[in-house]
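Two complexes come next, and they have one chain in common, chain A, joined by chain B in the first and chain C in the second.
Now for the complex of A and B:
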């Protein structure tokens, strides 16, 4: 929401983990929540959890503390992947300041990844934003499955599908093992706070 | 603050440093993709500070600090915060999926929220809350495919006002109305649209169902709404009259001694079971109403009706079997001379409470409502001689029917809201201790279709009468008899109270 309250000196940045259903968005947040020290993390909120883990969205507030007199918070959101929640996905993108696009390495999800990225582009447009403007990071998740018998996509293939011009920083990850999870988080956090600071503080 | 390029540069550098140092893992964990269980690499760390046992921590006591939710809300008591958040989620759910179940849930949440408000807050928010409740009720009353597209937004806007009202200082009801004023045009449009829809489609459902044009699930809300004003067809099923028809007699007539009797524990078990059966039937009735309005559900509806009939029949069999030895006759206590021989209590089970400094008892199945009135209204009753049933409602818009049990709850809200029940007043001098907030007991006799109200000193409890001796009390007004055990006496109400 980039809710900057100059009187209270608070900066809130909203980062959304986007991607097809079951690609591992919630798992990213759960990993972060469980592996991070208590100093910076707030309570994780998982809303309307039933069978399908994220029916609504998950929220994990993180706190950077006071910097330059500003209280800086980064809130991580996930969106539900299923098509029936299309309008929730749109809603969660309202006021977004940064996006992590989580792609699924499973071969069977190839089309879903592409579809979801397109969906993201459309939804951002509806909020008057674009993927060219807003900070974004791509995460190729479930890389641990590459060594398993399950058919997976190669990194080259995924890059070609999702990041052909190398526009966005991208990371290989395994959200269940934790590889790449914090790398992704740090990168998107840095890009986002920089973006928010430039955009909002400069004008003031 | 200095907002030059340089200071921004410096600020972002500091933020990056903070991110590097804070956003790092402090422990190595692994998540099981199958069970989602979290395993710490080093097992001794499992008892660490974070809730590592559950993969999807469902922590519902924290509020999103900002963004989707007003920050000031954190000033409010936690229970109210939670109620607000739940309502917010309910409204968001409607926003993303307009379904009857979601509308109904939101109505319940709105009701629930009201329970968390102080008297002052109720006064302040009543205006907005009423609007929200009216919108939800309207949405439930029209076919879903005709719901005005701006309704979810309108609800969310009203929610914002509600939140503002609750978190602002120095609020007055007038200020609330002023806050909601920008929405008034839209509200007017909304209700005009609803009215038009209701006029346009009064019989759309039946026609649609007959012609097979209404898609399943679309019009159930409209059906429920219309059912409030029109009885359902096929009301011949003896379901609701089960309890009154089969319960023990209501006159102090002794049990026929010659008849063989089932053991008391068995009688009690069967009595409980028949009660439960009738409760289930009540629920099936409610379900039936919903199903009756949805095309495509005819089979399920028929199945439910069948089930209900079977349950009712089963209840009859049980009740007859257990009560036959008790030979219910002679319902009029006033014309019946007391038996010279030692009479027995005509009821196996009664409910008892304290009233007017006395212990009194009555058949449990007469209880149509029991509890305190909302907003401490019970106090007002102490100086009144009747209770309009509408006083049972917490909110002007909530129904009465859902508050009631037994056969009175089979009446429609439109009937119930016009009903006034007399408050029973003893002819004896008032007791020395006066309870300030009485427990209100609404008794209803389905046979005479009459009821009365007892302002009791305590909640009622059921008890078995077999350990007590019975003494007819024909001269006392209100009482059919007295149950005695040692020095204790319980006055059993007679049917006179319903006249």
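Now for the complex of A and C:
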């Protein structure tokens, strides 16, 4: 559920980065945080836990400028990817307006990608939403590893697994190096703002 | 959770409730957030120094986490939470199913007064938000 504040002329949208454990959701947020100017970003909130897994969520508020006199603010959330944190993932999805599905290019993570996408579909359904309705972008992360000796999945193979009907815009990325991170963010912001505006009749 | 539409008049009525019942009782900052972490209304003079976006997101998460604790002991939900600090303390109360009232106060105000005032104002807020 987006929040539209008519008195302050602000629109707040919630975008969630979803995906299997250790696929690079937090790395996406950290790259965005480091690359954006202070005026456009808020404080990045991460709940400190031991180790480098996200146990609860990360939050990064961004200010995307004005559309039709309204200040557009987007809050980026990540979820914990590990299968056992199912209830936290469901909670973070509450009121979501757009989803970035981050897929892991490592060959060993093939099954985890598919499992996570299915989990996303189930969790959205429990909130009364579906992947057909909500704006979504797929990011094939860790493409920088293709040239390394580590076995990786080809783009064709990942598309076949995750986006066979080409339903969603997809991007190749390397969140560590920053390639594709802003392309993903730009696309999901555009789709989300359009979806929220249309849904709440700000535009026709 | 359905769509919530708040008109300026309604929002002013909500703010007036918060000002007249809670701020006037000595609570220095008051916020209403929804269970997805959106800020509905805020008031109080200390609000400038607080990162309210993070506070709202963490409050929603905090409630969701403690409701799992509630389920473990056979309760459906906890309707209020209280965290005591050295100088400032924070009180969270559920308003209906979807909203949370956050009150931040220092040791000049007793917890009893906060609870009493929050209970009183919750009724009115519930009507205004539904």
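As a convention for this text, the second predicted complex is superposed on the first by the 194 of 204 C-alpha atoms of A that agree within 3 Å, B and C clash if a C-alpha of one lies under 4 Å from a C-alpha of the other, contacts with A are read in each partner's own complex, and residues count from 1 in each chain.
We adopt the following convention: a residue touches a chain if its C-beta (ideal position, glycine included) is under 8 Å from a C-beta of that chain, and two chains touch if they have at least 3 such contacts.
Owing to the predicted nature of the structure, the values given are computational and were not obtained by experimental measurement.
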Put chain B and chain C onto chain A via the superposition and say whether they clash or fit.
clash
By residue count, which of the two partners contacts chain A more extensively, chain B or chain C?
B
May I ask you to decide whether A:42 touches chain B, chain C, both, or neither, giving the answer as first, second, both or neither?
both
First (chain B), second (chain C), both or neither touched by A:31:
first
Applying the document's definition of touch, where does A:75 land relative to chain B and chain C: first, second, both, or neither?
both
Once chain A of both complexes is superposed, is A:158 in touch with chain B (first), chain C (second), both, or neither?
neither
For A:194, using the defined touch cut-off, is the partner it touches chain B, chain C, both, or neither? Pick first, second, both or neither.
first
Which positions of chain A sit in both the chain B and the chain C interface?
1, 3, 12, 14, 42-43, 45, 47, 56, 59, 61, 75, 87-88, 91, 95
Using the touch definition from the top, list the residues of chain A that touch chain B in their complex.
1, 3, 10, 12, 14, 26-27, 30-31, 33-40, 42-49, 53, 56, 59, 61-62, 64-65, 67-70, 72-73, 75, 84-85, 87-88, 91, 95, 175-178, 181-182, 185-186, 189-190, 193-194, 197-198, 201-202, 204
Show which residues of chain C lie in contact with chain A when the two form their complex.
1-4, 8, 11, 34-40, 51, 53-54, 57-58, 60-61, 64-65, 68
Please give the residue numbers of chain B that touch chain A in the complex, ascending.
1, 3, 5, 7-8, 10-12, 14-16, 18-20, 22-33, 36, 38, 49-52, 55-62, 64-67, 89, 92-93, 95-97
In their shared complex, at which residues does chain A touch chain C?
1, 3, 6-7, 12, 14, 42-43, 45, 47, 56-57, 59, 61, 75, 77, 87-88, 91-92, 94-95, 200
